[in-house]
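Paired with chain B in one complex and with chain C in the other, chain A is shared by the two complexes that follow.
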Partner chain A sequence: MSYLSLSNVTKQFGDTVVVDNFNLDIDKGEFVSFLGPSGCGKTTTLRMVAGFEVPTSGKIMIEGVDITDKAPNQRNVGMIFQSYALFPNMTVAQNIGFGLTVRKEPESVVKSRVAEMISLINLEAHANKYPYQLSGGQQQRVSLARALANRPQVLLLDEPLSALDAKIRVSLRAEIRSIQKALGITAIFVTHDQEEALSISDRIVVMNAGEMEQVGTPFEIYNFPKTRFVANFVGSLNTADAEVVDPTKGLVSVDGVQFTSAEGTKERKKGDKIKVAIRPERFSFAALQHKDNVVDAKIENITFLGSVVRIQVKIGNTNFNMDTFNNPFLELPKIGSIEQVTCSKEAVLVLDE
Partner chain B sequence: MAQTIVNSKSNKATTNWKVWLGVVPFFLFALLFLFLPSLRLVTASFTAPDGSFTLDNIRQLFTVPVIVNAYKLSIQISAVTAIGGGIFGFLLAYSVTVGGLPKSLRSVLITFSGVASNFAGVPLAFAFVATLGRQGFITHILRDYFGMDVYAAGFNLYSFAGLSLVYMYFQFPLMVLIMAPALDGLKREWREAAENLGASTTQYWLRVAMPVLLPSILGAMILLFGNAFGAYATAYALTGGRIGIVTIQIGAQIRGDVLYNPGLGYAMAIGMVVIMAISLAGYSWLQAKTERWLK
Partner chain C sequence: MSFLSRLRKFPFWAWFWFLLGALYFILPLLATFEFSLSWDPAIPFKAYQRSFEDSRFWTSFIASNIFALITIFASIVLVVPTAYWIRLRLPQARRIVEFITLMPFVVPAIILVFGLIRVYSTPFTIPFTDIVFMQPLTQFKLGTNILVIAGYMVLAMPYMYRSVDTGMRTVDILTLTEAAQSLGANWFVIITRVILPNIRSALLSGALLTFAIVVGEVILASFLGVTAFGPYLFLLGQHRAYEPAALSFVSFLLTWFAMGLIQLVTGGQGQAAGAH
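Moving on to the complex of A and B:
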């Protein structure tokens, strides 16, 4: 039995369905991310787990107990807000102890737990400061400690890093992940940043317009996107309209240029209109080793993106991006020249609409 | 190169000069109607009727019973209406902000408060005389249709209680105007974070919302206190001077129908300035405290 489960959870505001038939089972200690564009219902789903919204239908259970209709203060679920939401009139230590104090824990318990939490987030030097005296990153760590002090069954994080600048965002997400692992706490992390979701999660739920598009490990989501939406949203992607040429051989034609796909055309008929997707990094220059898909490409433009170099090419009449790792010995083709490029059969994805 | 620097410098100087031009009227105004009168107030309060220097006026502030009483009365009426208007205004502001009454009601209340907080003096006194005076129409309605004779029951518009009631009319709207933004400043996330951590609504109000609001509430009440303390025309128009609050006593000393000692009047004004200054200092101290929290 799963630790946290959402079954057939639907949420409507008036006539608009914001979360549609959401089903998810999360194991104890698992770190799950909700990834999706703005307005797709991530926060609403999280707020239903916290009790701030009541599902229109469906059931939410933690450790086999139905909590669907419990008030927020009757659940033991910790929530981290994007805006930190620290109490401005309390010091760091008072903020962290708040949950224990209102639950009437003995003074000694409050004291020792607060000390434990403060050392967990390395803010010993700031215990008696007020929130306004802390940086954004420090405030968010305090809010993490405040939520953890109650020993919650589940930790909910709603875009906790999006108000911070890039460097802190990366270091704090690693810190969150390592604390989560060390405490073995079950967590749901909401984000619309795919890199963040890929780097931090055990599993990712990709959401679109209130529906779950795909659930899987970061590896699965990135390498085997099931839908065009997932493929597009996670990582950058070349997509092109294509036509099935030979379903049994996996042969497709992109505006006259033929590609072979490892899977995905078996259930189609010759002449079917489909969409194919190829990630930029799956293309390479066809050197000595012979590959499945070797095609002529005209080099249109070259852009340095730091660790990778993005090359815009034209294959037939279709534009594609190809990425290659940057290194000082890299020999780049001339703009305007025609080169042979290749990608494996597995790299050619056939997408559901 | 050097040429450019010189040029840009002189350019800057002209801009500066022009910028200052805009505030000249303000400083002129402040000089003529704030600074010079204050100076006159100070010198005059140390001047005896014959023009010589004296500490007599200041001494009388603390010794003459009428004057001591005037201060007592002013402080009482200001405190009563600041607390009463403060509580009433806070509750109103609460119900149109956090309380969740419809948005339209909020704009109606705010507009009303903007007007009412400035409604004072003779028109306000007259409005009350016309409604709650001995012959006021509400007094009549209450007596004729509800059998309640408020005057027989001891109410008197021209008493301390009556004057307080009239003051309330401009006090509570001022509270609404100050508290509505402060209540808006309470973040929804604070409430949710508190609930999420296991707090009840009462615990949230006692431990988070009230402490956050308290400086604003106290600050606003101090402002209300000063507002009532400085009122003159309302009290004069309503009671004609029978309730001897400080402003009325000052008026009597300076205009001199019966009493005439401008020096004493000025000294009383200095006393008022001191009380107002203390109030304002308290107000800005409290204001700074919340601003620091809420930034």
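Moving on to the complex of A and C:
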């Protein structure tokens, strides 16, 4: 039996279905991210687990106990907010100890747990400071410690890094992950940042328009997107209309240029219209490596992106992006020249609509 | 920069209107103060001395202060949860409540007091029966005091509600509430330990305005026959010349002291976002 389960959870606001028949089982100690664009229902789902929204239908269970109708303060769930939500009238220590004092824990327990949490987030020197005296990153760490002090069954993180600058975001997400792993706490992390979700999660739930598009490990989500939405949302991707040429060999045609795909065409018939996708980094120049698909491509543009160089090529009448790692001795082709580019048959993905 | 160009940049008209406004307020006050000192040139503060020696002054002043404190407490108990709930769950009701809180500006105190007397001077019976539910409040002291405090609460409501509402606007009420709830807090804990401390400057502003209104109020207390500072000052003004001027000046000083206290506590911003 799973630790946290959401069964057929639906949420409607008036006639608008915000979350539609959501089913998910999460194991103890697992870190699951809800990834999707704004308005896809990820925060609403999280808020239903927290108890701030009541599902229109469906059931939410933690350790086999139905918590669907329990008030937020009756659930043992910790929540971290994008805006930190620290109590401005309390010091760091008082904020962290708030939940424990509400539960009327003995003062000795409150003191020792607060000290433990403060050392966990490395803010020993700031225990008596007020939130306004801390930076954004420090405030969010206090918020994490406050949520963890109650030893919650599930930790919910609602875009906790969105308000922070890029460097702190990266370091804090690593810190959150290591604390979560160390404590073995089950966590749900809501984000619209794919890099964040890919780097931090055990599993990712990609959501779109209130529905789950795909659930899988970051590796699966990135490398084997099931739908066009997932493929487009996670990472950058070339998509093109194609026609099945030979279903048994996985042969497809994009504007008359033939590619072989390792998967997904066997259930289709010759002449079927499909969508194929190839990640930019899966292309390389045929002169360097020779893979299953070798096609002629016209170099349209070259953009320097730091660690990566993005080359726009035209294959047939379709534009594709091709990424190659930058190095100081990289020899780039001339714009307007025709080069042979290659990709493996595993790189050619056939998408469900 | 030459003197002429400096002169051109001097905001002459701004200063002109500011000084004109200041004179409009300060001159009558100075005149009152000067008049209060002119009773006996040998004893300049004779009017003040006489006023403070009068036991009725102290009785009425203390009574008004007690009324003010009870009114402040009752107003906070009524207004804070109302404003909080409207911000949290019923934002669509905000306009209606704001309209209701403005009613004391539209309905004069005299109408309010006659309404109170008319409604509460007869026993309350349960409709279609002879069962007396409540004795007329105007016929016993506690009942009259309750009526006068209820009336004060109505008069102070525009100020108290606006102060509290403004205070809540500067704090992220919804997120703080949810954060407290997720940590196991119930509504009482949320209001007393999270909301109230974070709007305490706003509460203080509302409380001091309420205090000023109650201490200076005449009509409610006069018509309900309650001992209070307002009616005392009014009666004194009808029979004496110098003491009312002295007490008016003292009232101004008290109000200024209260306003200074607001400035001090709120750091001159009128409202602090948090407790600091």
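As a working rule, the second predicted complex is superposed on the first by the 350 of 353 C-alpha atoms of A that agree within 3 Å, B and C clash if a C-alpha of one lies under 4 Å from a C-alpha of the other, contacts with A are read in each partner's own complex, and residues count from 1 in each chain.
Definition applied: a contact is a pair of C-beta atoms (placed from the backbone, for glycine too) under 8 Å apart; a residue touches a chain by one contact, two chains touch by 3 or more.
Remember, predicted model here, so these are calculated numbers, not experimental data.
Overlaying the two complexes on chain A, which is it for chain B and chain C: clash or fit?
In the arrangement built by aligning on chain A, the partners chain C and chain B clash.
By the touch definition at the top of the document, which applies to A:Lys270: first (chain B), second (chain C), both, or neither?
In the superposition, A:Lys270 touches no partner, neither chain B nor chain C.
Thinking of the overlay built on chain A, is A:Tyr130 touched by chain B (first), by chain C (second), by both, or by neither?
In the superposition, A:Tyr130 touches chain B and chain C alike.
After lining up the shared chain so the two structures overlap, which partner does A:Lys181 touch, if you call chain B first and chain C second: first, second, both or neither?
Touch status of A:Lys181: no partner.
Which partner chains sit in contact with A:Pro88 here, chain B, chain C, both or neither? Use first/second/both/neither.
both
Where does A:Lys249 make contact in the superposed view: on chain B (first), on chain C (second), on both, or on neither?
neither
When the two structures are overlaid on chain A, which partner does A:Arg151 contact: first (chain B), second (chain C), both, or neither?
In the superposition, A:Arg151 contacts neither chain B nor chain C.
Determine, under the contact definition given at the top, whether A:Met79 touches first (chain B), second (chain C), both, or neither.
both
Touching chain B in one complex and chain C in the other: list those residues of chain A.
50-52, 71-73, 77-79, 81, 83, 85-89, 98-99, 102-103, 130, 132, 146-147, 150
What does chain A use to touch chain B in their complex?
Its residues touching chain B are 50-52, 71-73, 76-79, 81, 83, 85-89, 98-99, 102-103, 130, 132, 143, 146-147, 150.
Quick one: in the complex, what on chain C touches chain A?
171-172, 175-176, 178-186, 189, 193-194, 197-198, 273-276
For the complex, which residues does chain A have touching chain C?
50-52, 71-73, 77-79, 81, 83, 85-89, 98-99, 102-103, 130-132, 146-147, 150, 156
Please give the residue numbers of chain B that touch chain A in the complex, ascending.
187, 189-190, 192-200, 203, 207-208, 211-212, 292-295
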